[in-house]
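Shared between the two complexes below is chain A, which pairs with chain B and chain C, respectively.
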Partner chain A sequence: MKQFSTLLLKEWRENLRNFKIFWIPVVFILLGVTEPLSNYYLPQILDATGGLPDGAVIELPDPEPEQLLVAVMGQFQLIGMLVLVLAYMGSIAGERRNGTATLLYVRPLSYVSYFLSKWLMASIVALISVWAGFLAGYYYTAVLFSAVPFGEFLAFAATYSLWMVLVVTLVLFASASMQNAGLAAGFTLAALLILQLIDSLFGSRWEWSPLKLPNYAASFLDIGPDVTALIWTLAISLVCLIGLAALGIWFSKRNRAKTKV
Partner chain B sequence: MNVLEVRSLTKRFGTEQAVDGLGFELAEGSATALIGPNGAGKTTTLSMLAGLLEASAGEIQRKKNLSIGFLPQYPRFFPWLSALEFTEMAAKLSGVDSRKARQQAERTLGFVGLGQVANKKIGGFSGGMKQRLGLAQAMVHQPSLLLLDEPISSLDPTGRREVMELLKSLLGQTTILYSTHILNDAEEMTDQLLFLQNGRLVEHGSLNQVRSRYADPQIRIRFENTNAAERFMHESPWPAAVQGTAVIVPVKAEGPIMQDVFRFLSVKSLPVVGVEQETASLEDIFLKVVAGK
Partner chain C sequence: MLDERTILLVLPILVLQIALMIFALVDLIRNPNPNGPKWMWAAIIVLLNIIGPILYFVIGRRNY
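Moving on to the complex of A and B:
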């Protein structure tokens, strides 16, 4: 526990002084703002780019605010996830590679504290980013179009938050188990793409899957998810999260000899 | 009392035998120098003793509750931490009480000569400063055994002297095992020498023991020119070797020949510049050991 707070302080200083705690949320806020703004100004954008005959009248139906928030989530699923993977791919593999880990590993280090301090810090940054991004999107949608009921929005963002924490856990697991940061990022992205592909191809046969968390999050803005399916999905997601963290701890201990001396 | 005993320590990387059946002991409060050519297995040995690498075979017996400080050859630091922040973290992770950690870190940084820059970011440190910081993080928790991989090699002469003095002041309470290829320095601080070659311990003992085994005393006669040196070699009754304008004559065990040399020189009236009796330096021994006795 004492080691955990010492290591968490180190992670906090790293994220603060590398500006990760600032620039990652900024990316998410931009993603959150772009969706409602670009929809609002779509007629002007079309007008400015030209290509339409003179006198053509552009009439677009106003998008539903729920659709805009789901579109924001779509951006997070692509760019947001990529940013988080790239930002944290080197958390453990990078420290081993550049040799900074050596001076930690020669001490009676608790690898549980070592892994979890990194996990907690990365999760905090991911959560700040997701909530800042969604709130920005929510605000601009409400101002430019109309407001989504706030309760639904909270359930939506909270469910999606668990998904992002799961992604962060996967990145750290990969960083603990892989040779270097690049491999860790490649593994994480490949795993996410393949699993999402499988879930979208055959996913109609099952309802309980962590990969459906974004879908369930989105359905809170619609008719609401099937409660039983959601609870089971949440439970399985938690089991996956704990399992990945446990494996990550085991790997970070096993791979300690791979650090550069 | 030994703080550490090593028996038949072996490390293989694939088919490569990096360390092969090493055995030695470290007496409490003593200084041991680990010497050997590049690739002899010094760093691998130290990594195993520090617990970073698993041994393939053999055993390392540590004294109960032995606390170890380790300085790698090229210590790497988080550039975004200050020297004090890093040293304090190192102390805490080694089990120093949170309240004492900062105080102890400050004192250690002062001790290694980084007191002025304690609050500066490590990212801006020079190589020598990093080496000192490496020493600070190794000793901040006051370990009873210090393992130092080339602690002085990357320092300038002044820094080398300072760090040597600093390490010597620790001896007694602290046991030190260090590797080095600067043999002059090893000569100065060593109770035990361990010569490593191709992963094997090829020679060990105290400096005097090793010296008496290898270093027959010799007489060095310096002449004004090579001609005179060569004449001496051909005409003298002793086996001699020419080294530039000088001649080396090994001293036989049977008796002193210094007087014989003087007599011979005056008879032949060779242009002598100087005559001195030498014991072989650690460097000579090193070359002999490495060349295979």
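Moving on to the complex of A and C:
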């Protein structure tokens, strides 16, 4: 336990000094704010770019506030996830290369504490980012259009948070198991892309899959998800999370020999 | 078009953009070994809104 808190303190300092704890949330907030704002100013933007001929009249329906939050989630799924993957791809693989690992591995190190301290810190940054981004989006949507019921919003953001934590776990697993940071990021992005493609093509055949977490999160804003399907999905996601973390711990122990001295 | 309401709405974005830029510039100044010449990264950070600082943190920082 003492080792864990020491390692966590190291991770905290590292994230503070390389500004990750500041810049990643700022990116998410910007993503959350731009979506409602650009929808609000869409008529002026169309006007300014002068794309419409004289006399053309388009009635732009006011977007539903729920749609805007789902659109914010879409941005997180694309840019947000990319930023998180690229920011944490090197957290273990990079340490083996830049010398930090030699300082750590020569000591009697508990690899459970080692992996979990990194996982906890990365998850905290991801959660701060997701919640800050969603709250900013929620606020702007409420000011410019109308408010989504706050309870629905909380369920939506909480479900999506689990998905982000799962993504972070996958990155750390990849970082522990791969040779270098680039491979880790490539593996994570390829895995997410392919799995999401499979789920969107054949996903109607099954209801329980961690990849459906964003869909279930979005359905909280609509009619609400099917409760049994959601509970099974949450359970399977937790199992995946624990499995990936266990594999990550195992790989970070096995790959210590790949450290560059 | 630039009424008070618009300015108030867009102001937070501007503040966040500038904050992001300052984070990136401070980090660049402190960084002894960025991935490429420092003046180039300074130009990218200042000239490309939002994308520039992200590019620097992801590629230019050599944190792997």
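Everything below uses one rule, namely that the second predicted complex is superposed on the first by the 257 of 261 C-alpha atoms of A that agree within 3 Å, B and C clash if a C-alpha of one lies under 4 Å from a C-alpha of the other, contacts with A are read in each partner's own complex, and residues count from 1 in each chain.
To be clear about the criterion, contacts are C-beta pairs under 8 Å (C-beta built on N, C-alpha and C of every residue); 3 or more make two chains touch, one makes a residue touch a chain.
Computed from a prediction, not measured in an experiment: that's the story for all the values here.
Once the two complexes are overlaid on the shared chain, A:33 sits against chain C while remaining clear of chain B.
After overlaying the two complexes on the shared chain, residue contacts for A:18 are found with chain B and with chain C alike. When both complexes are overlaid on chain A, the residue A:1 reaches neither chain B nor chain C.
In the superposition on chain A, contact of A:259 is made with chain B only, not with chain C.
Shared-chain residue A:227: touches no atom of chain B or chain C.
Touch criterion met: A:180 reaches chain C, while chain B stays clear of it. In the overlay built on the shared chain, the residue A:107 is in contact with chain B alone; chain C does not reach it.
After overlaying the two complexes on the shared chain, residue contacts for A:60 are found with neither chain B nor chain C. Residues 18, 98 of chain A lie in contact with chain B in one complex and with chain C in the other.
Across the complex, chain A meets chain C through its residues 18-20, 22-23, 26-27, 29-30, 33-34, 37, 40-41, 44, 48, 83, 86-87, 89-90, 93-94, 97-98, 140, 143-144, 180-182. Contact residues on chain A toward chain B in their complex (touch as defined above): 2-3, 6-7, 9-10, 13-14, 17-18, 98-100, 102-109, 256-257, 259-261. Interface of chain C with chain A (complex): residues 1, 6, 9-10, 12-13, 16-17, 19-20, 23-24, 26-27, 50, 53-54, 57-58, 61, 63-64.
Note for the complex: chain B touches chain A at residues 43, 47, 50-54, 68, 70, 72-78, 80-81, 85, 89-90, 92-95, 98, 134, 137, 149.
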